[in-house]
């Protein structure tokens, strides 16, 4: 997989004296879901402390910062990149002071009717300081009628369309909720007497918490001193988990939607091996995203696995690209082919997906330069042809290579001796959940819910060809 | 392998307009040899520019810095950690202004008679500002008699004992040299009309240079506008390559001492598979150091390979350890076991080496906690029992677990169901060079040259049990 | 004067290609009005750029930042210190994106009915992210009905009570307005064809602009491509300029409210000389706040002026206070007495005002320690007995020394041989404007407008003794 | 005075638990002697701690740094600007580890035979890492023969020519010494039972120490646990105090060479008033350097003093110069004329000295622009015509305006209505020490000692016209 910038990670804790430490560790283990910014808000009696910034978790939360944050409950967030001149404000959890009380929201997903909601709110006099969906959610929450936070939040969530796993912070409570499709993951764990919420279970492993269960689609879970309370905020539930979480996003050591990412990903590789008829001297993954599928492929095909490219772990975000003239070797900064393994061999490369195709082409060329005789590429999912409206920042339809070219054309563009994409059936068969529980819109164009185009097309400009 | 802090990386370039960029890229690809500090010195006509600091290459050399550095020849260095109140001065290349000319030295290795040399020099009135061997080398060079830099440097090198791969920078020349044993690697490459020197060939790959040959033990190579000149600065040559470079230090995509690190490391795994009689459901490496040996082991044993632990790539050097109570999960920050793969399985873990044993024990415990039924550990080299005087900063003999315990005791200490170390014969057999070309002192105590103990034992305090 | 933290500075520019440079220079020359934070927002066609942070103008606006800011009109702000966990958001100009347009407000003063307004707005669903009055103004502006920005802003200003000099930024316009009392200064200048607005005229000097006139109390001035338009937003005008701007705040090289600060301040010193009967060997100011009054005093009294204390210009905001034992000399960090001038002399010290009295006492003691024989203190205004609700952050009434002690008690507390405060009549007589044009509430307790206490007394807790 | 970059400040303390705090405070009060870099070395038993960097004292020595520095004796240094690619090494105190002991030197002045000494040392094999005289001193000290540090240091000092006030740090001792002419000041103070050494007595005031006496020309004072020991290291003493220290460098609240800077500077102004026949409406200083002389001038002439320009205190070192077009107002960044005082008046401006004349010209023009009718300039010293070899970094002879132009030409160049320089006699008469105790070479070209030109003229290239 090349460059998918979007997605976010959420973490929450309720009643633990080491709340700052725990949220820090959780966000650290969710860093793969967003490397652009991070924030934590903690509550203590009627005061709160917030710290957030752009950068990596390990950079933002120094030991001094962690020590200075007081509180035994709170929520945290890691964010993907956004643009715009006020992006320094776009840090979550987003918090406000409302009638003397602090309320905060952290959000993972994409609200598809956000422009309509924002416009309505602006007509009612609301003012916005960020471009984040979480600010819209807070505006709705504050205007929502209801006897208590549960009713208010239910009233709010009913107005939202699209994908949202959210955490809400109010005094002496945190609340976790998911949209009615359950696009993005959100799990509940337990650490001694305290509760933990996190986007993926790898966060539980790091702090030694036990997985309890997922927040269900259409469910709202309130953590307070009277325990856990669960509410269905909608009856209109239609499971549509993002299948791409299994293919690429989630860490292999996590369980999401109740199932092991590692095992699922390995089964993708196995099904790929069954479907495609490549033969070669060796199988090699594009590390790390293709590694688990490559294991499955190699075992099923009985072709030995080798680490044909070596990853450099010291790439900071500030590494300077070599100049134009050195560009061909530019792709080797991150991944360097191992000539002694590749030279004069027929190789099968396993990758999780292809988006634009440009990075992939550079990598194939580097393998060629290193002396590979024949190169075949196996992709552990079908061609990505359609944009995502539910939280993954794919490029526009026009930039998706599989939307513009046939598989044969892609093979030639990438300079390959063979290219095989796993079939839709093969992909769904690898899942350990029913096929109908997944959103596969990026492959099929069948969107589980219709985004609101009526009001404002400009939001979708980059994605306008949507045929759902 | 746990914590081996020492070793360094060298890079040089002669006559290339993009010298700053090239040295930067080379040092970046040699970052695994030293993460504590880095520096580059460039020459242009009779001026020079230097930039160095503590930190990672990607942090120190911003694009602004690279652009500001002028020159078409130069040398660079990455360094391991050192201690002491003046450590901020301990950045290489170490340079001086001598009679209006700038001279600089970068060094990889360990001069075993450094205290004797330093004391002699101090008695002659020399003053020292750092604790680095390269400062001693410069003092000797400046006092050396000879008609030209070649004779002066030869006279200097003859006074040094121990391990040294060095680069020297003088006006319009760079010089590469190795000690008479060739302990540390140093290779020559070519990029168009310019010459490159680097500790490992992976540096050549990144910039698109071609490997030419190694600097030979006892050789000095002068790069100047009249081309390459080679001199034997000593006749007394006895090859003693550091075998640990193959086992652990070098990147698998490098060739060192003329041979592929990947293939050698895979053969170590194969020989381990032949020697040991473990059976299990799966083989898993400790990433990344054990990965290549695990491939060889798995293929030879016909036991499937799995990625039983997942590495977190976002560990900055500033990550805060969880508190005491969370310590058991502390070891999972870097490597998290994949429960769904490990649970209720018999597993063979492949690791490159054991030094103190403490980190290893924590990792084994994490695997146990994740539900592994039986855990066996295969080590792709013999037990490390002796200190190294030639550039690897092993802990003292007392801290080396294999010096204190039998293999069976180590097995119990680590909480294993099985432990097997590759035999000395098996290790040497895996090499693609004659056995007598290697220094194996850390395993055998047979040091190829005797360190100077006569003068000052205090330097060796931590290593005093040396029985060579 | 000791520690008065409050007050702010405003600057605006309309249609000048060097807008960023100009606002930077203006804010720099207004730095004395607020050292805690600064910000600039610039407009260019339908885009904008904002940069702001905590710190000094010279730290925040590096040349890189200034170069990166595009636009030919904009507004800027320097701010005094505020507290609270979300103070990093409290940077002005405060801007929002409203229906696709950027609107920003910068404010100097204090809105006395802010809590009532905020509460009303919250009941209507508004959410607040800062504690700044400018956020309230923006909420009101967005909800205000009116055909155009002029009507909307007039509708907004009519709801505000208290002191406000404000600048508003909308697309292709900037607007300057002052409250109906004209508490805080705001002047209009011209630089070639472009307009400048600034809190004080010293900003015009630095950029070479010419002073045109003041924004009048109750006036709103709109700068657009059709020129300057002036509107009276209220008929209910009652001039009440803050007399303390002349006594302490404004720079002596500025004209405010149309009059020279230097000349006024010198007249304060002259009137003090006329009223008080001190005789001494020399007159010395507490630099720099007492310097101009000391000139007037010295000339009128015919007693020679000397610089009896020397100011250290290198005090960063990070200077470490010497330890407890060195505390007595702590006061000398900023101002060191010149022993050779003071020793065995009778001296008259001229200071602009006394607030708490503690800093003053330390300074008097330092002069005593330096050997002064007799020390008399002349204050160029009457005793400060009442809090300010219009933008000056005096301590609470209880902390004002003149509220607790008689002049004789203060003299003894400060360890003086003589203490004289300028009379109210003497102060007003020094002004070059009619006495009735000034607010003198901090001296007299006669507040020109009544703050809203009905709703919420807690805001005034620190200031509750208000007898207006 | 315009831009004189050179000179340094020294501070030392012996046996005080708050040594770090004390040195920090002393360096802070000596900041005017060097704003480029600062360093402190402290000793504790046989260990030491050093901290230094480029920047201001208040930036370098944070409270964390001060707390982390252990020791009860030590020395510190503030430095003027130097250039060159290795300038980051040019931080004093310069320290080395010699035979296991730390030795450090801090130096104020200029060694005129430094190139000869350096060349000799290099021929003996010494290598240099900085361009500082203090490194030469350390080399000589280490090679010096003698039974103890006193003899060694005496042997070292005898080899030095030129100006040096130095502090030496060895284990359990600090040593203060001055050259045989006593060019630069150095004073001894006492704080309880501990000793303080500092370039100026203002450092004593800040920490509450009492002035004891000066280190004498040709004297070496050793502070150890056996008390103070004084040695004459040379018999060949010829007092030649730098008169420019009184005119410009030293703080007015200091005593140097035993006399008050304030009183001397005021007498310079008085003598100027006696000599020159200007009449005007007011006298104004160029703050702060001309302030004290202006007081003397005003009092003697009976012409009222006014602060005709106001200094902005917030100029960081990073302030961006306004663009070319704003350049004329550029000079107002630091000093802004007060129009209301200057307009239509005849004014006498008092300045300490003129070097190049360019800054002065801009200031005069700013006063003209502010409406001054006639401007006369009085300089409180004679024309500066000759370079200084003893520690003041005047520009080269060619750049000194008084070397190229007559007084009348300078008057016209500066756009003045009158210009008067104090006579040599008037200047010397203002001193409270005998005329023969001073070096007046910059005015007269009569150098008290001859710099060594024989060996190497290149050092003096910028100053080569020296006719001494």
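Just so it is clear, A, B, C and D label the chains in written order, and each chain counts residues from 1 on its own.
By definition in this document, a residue touches a chain if its C-beta (ideal position, glycine included) is under 8 Å from a C-beta of that chain, and two chains touch if they have at least 3 such contacts.
Every value quoted in this text rests on a predicted model; they were computed, and no experiment measured them.
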Would you pick out the chains that touch subunit B and also touch subunit C? A, D
Among all other chains, pick the one whose mean CA position is farthest from the mean CA position of subunit B. C
What is the Cα-based rotation angle between copies subunit C and subunit D, on a 0 to 180° scale and rounded to a multiple of 5? 180
Just the number, please: Cα centre separation of subunit A and subunit B in whole Å. 37
CA centre of subunit A versus CA centre of subunit D: separation in Å? 62
When centres are defined as mean Cα positions, the distance from subunit A to subunit C in whole Å is 50
Could you list the positions in subunit A whose residues touch two or more of the other chains? none
Please list, in label order, each pair of chains that touches. A-B, A-C, B-D, C-D
In the complex, go through subunit B and note every residue touching subunit A. 18, 21, 24-25, 28-29, 31-32, 35, 56-59, 61-63, 66, 202, 205-208, 251-253, 255, 260, 262-263, 288, 291-292, 295, 299, 304-307, 309-316, 318-320, 322-323, 325-326, 328-329, 332-333, 336-341
Residue numbers on subunit B that touch subunit D, as the complex places them: 47-50, 85-86, 95-99, 119, 122, 124-129, 131, 138-139, 142-143
